[in-house]
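Chain nomenclature is as follows: A, B and C, assigned in order of appearance, with residue numbering initiated at 1 for each chain independently.
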Amino acid sequence: MQEVKRKYVIPGDIVAEGNLRPLVNVFKNGNSIVATRIGITESNNDGAKVIPLSGIYFPRANDIVVGKILDHSSLSWSVDINSCFAAHLPAQDIFGRDFSPAHDDMGRQLSTGDVIVARIAIFDRTRDPILTIQDKDLGKIPTGELIKISPTRVPRLIGKRGSMIQTIEQASSTRITIGQNGIIVVSGKDKEGITLAINAIHIVEVEAHTSNLTQRIRQLLNVPESEIESDDTQTSEAGDTTINQDELNSNNDKEMGMINSNGTK
Amino acid sequence: MSLSKKSTVIVENLRKKQMRESISAGKRLDGRSLDEIRPIEIELDVIKKANGSAWVKLGNTEVVAGVKVETGEPFEGLENSGAMIITAEVLPIASPHVEPGPPDEETIELARVVDRGVRESEMLDLSKLVLVPGKIVYTIFVDCSVINVDGNLLDATSYAVVSALASCKMPVFEIKDDKVIETGKTQEPPITTLPISVTTVRIGDYLISDPTTEEEACMDARLTITTNSKGSIVAMQKGLKGYFSIEDVKSIADKALIKGEEIRGKIKGLINIG
Amino acid sequence: MVQSRSLIDESGKRTDGRVIDELREVKIKVGIVKNADGSALIEFGKNKIIAAVYGPREVHPKHMALSDRCVVRCRYHMSPFSTDTRKSPAPSRRETEISKVIRESLEPALILEDYPRAAIDVFIEVLQADGGSRCAGISAASVALADAGINMRDMVSACAAGKVDDKIVIDINDTEDKEGGADMPVAYMPNLKKITLLQLDGELNPNEFNTSLDEAVRGCLKVYEIQRSSLMEKYFGDEKEMKE
């Protein structure tokens, strides 16, 4: 893939000129592709886009998120997924089709304050996100340390095919559950390992846009060079989804869903 | 009318568990010991148009207080006393849970508790701020704007008020031909003491001082105690729907005197007064 | 308004020592309110203003939500100690009007259709005011919106121009606002080259108006440079270009 030089941009800046396709976080204004966010541009033959460096989490169907139970009605739990919409987990997702509030006690399954890892089953412009915890390795997270990072840094934290996060997990002997919404739970037996993992995560968050980050993280974790070769064969830990880097970037940016090619009013 | 409210901040059970374990081992989640106060930063004279001002940071809680000195009528029944009015507003910028609008009962309580500490300690000798007894006195406004909320607004606001008042340059007014004129000169405020408040909360069986937002979301009861430089208690306020035992209250009061003196020394140093 | 005294002296100095085409000093610091999604503190001359953005976030009450775009709420508010005479904390009619024109100056830059059923809250708090606070507030709000990662077509930069001693001057201060001949605040999207705020207080003939408008836009472009460098500094530090 031929890459045009990457640039730092703020909203209104020109990302590229010419007949390129506007991808995400950009709009077309005459012959120019213009940035709509603060971030780093990426343009090539497929089109031009901006990888954003700030912004809250905007839900997307099929995302894995870590959420907090707020309350429940008679038919579903309302879940805080650190976004602009509250999400809902239908009682039927746990109890099955013949759920009835009369004989099924929702409070015993999940109560206010419980932390869950879930997948967004349904989300569109007309309603709040609907969650499911029926897939493998989803459900309540009973222990661990909870931290929050900017959702825009999550792809960098996961890394190419999960390489960055696996490096951190292995070096610190921890299990790390990452939500696309920027909520992360780190669990492990050893308090020092957990602290090491959390430090590494914070460094990735702050330096996500810089180069040679992987090397610096390896140094921090004391990982010898030879252990990092097997990117392609590693499978991800439970709770993460295996995504490749390109997918990661475009997933991250597609959150707006609407690329208005006619950006001017 | 006062109404019980649904909590706005729900702390994850994971965090509550961590908090309980940590506190029973004597440390809080941010590493502080149970009675440790967060670092205090004070910047004075941040609002040049005000006669005195202070921007206080108590950890991540930030409050700006501004003093404006004017003249006006004395309060009824206080003919020989300057008038002092303290207000507070939690600005909507300060937290995702603040709705813009007139002050709610918590904000009004905040302003009144801070006011009580300053007034009852007689921090300002208001008898020295009279121009014409019964008719014209100095009116001291201290208005507080909360910029960022991370727990313990009571103490942060109180430190801001005290710092702004103690460091202000008061205009000198005079009566000439039955009119009030501003002479253009300034004077030191008549300060007698620095009242310092210390807020302690109960989480389960433990007493914690200077809580963060997260700790406040887990607290059962809260007690604010304001002391003066002579070692007396001048104001107290218990808050929230929980309770304290008699031993708790006495122990909190003792701590408030000791911690209060420490913080008084720190604030004196930060605002550079004797 | 007809002036009662001269506000520019014989050597061409204004009440604060500036010349007629000189802007006051502008400083912007990004990310100053930790709880907010985006924020900025602006010092524009003696103006000291914080803008904070929360959003997109849930709309309360729910029935106020719009199905195809987000709702924008904007509040311009002055702290009681911000003015020469202490101001009552209750919102005034002036603050209500300014909240409206500020919202209308920022909305054209926001891609509201990207956030259906949500709200974007923009809060502008004036800690100290000295003429031109609405322009300074708009400029800070634009930085706060970018800091919050809201999709924007362009930044919004604002500056006022006006008439003092029958001369067109840039960036009116408080005294010039109160006693001068005309005050015209302008907000401008610098890349799209569109005006999103325009008000006038005073009297200008057509020539004076054209010159004022040009001067105000020139001021907006100067403010834009500072908005850009403040955002670059927070996000990219000293790095001007990406190294691969």
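Annotations for the structure displayed:
The definition used in the following text is that contacts are C-beta pairs under 8 Å (C-beta built on N, C-alpha and C of every residue); 3 or more make two chains touch, one makes a residue touch a chain.
The model shown is predicted, which means the values in this text are computed figures rather than measured ones.
The greatest centre-to-centre distance from subunit A, using averaged C-alpha positions, is reached by B. Distances from each chain's CA mean to the overall CA mean are smallest for chain C. The chain pair with the larger count of C-beta pairs in contact, out of A-C and A-B, is A-C. Subunit C has its Cα centroid 32 Å from the Cα centroid of subunit B.
Centres computed as Cα averages put subunit A at a distance of 34 Å from subunit C.
Chain centres here are Cα means. That of subunit A falls 41 Å from that of subunit B. Across the assembly, subunit A contributes no residue that touches 2 or more other chains. Shared interface positions of subunit C, i.e. residues touching 2 or more other chains, are given as 57. Contact residues on subunit B toward subunit C in their complex (touch as defined above): 46-50, 53, 60, 64, 66-68, 70, 87, 89, 91-96, 99-100, 102, 141, 143, 145, 147-150. Residue ranges of subunit A in contact with subunit B, taken from their complex: 68, 70, 80, 111-115, 141-146, 185. Across the complex, subunit B meets subunit A through its residues 10-18. Within the complex formed with subunit C, the residues of subunit A that make contact are 5-8, 10-14, 25, 27, 29, 34, 36-38, 40, 52-56, 58, 84-86, 125-126, 152, 209-211, 256-258, 260, 263-265.
Residue ranges on subunit C touching subunit A, taken from their complex, read 37-38, 55-58, 67-68, 108-109, 111, 113-119, 146-155, 189-192, 194, 227-228, 231-232, 235-236, 239-244.
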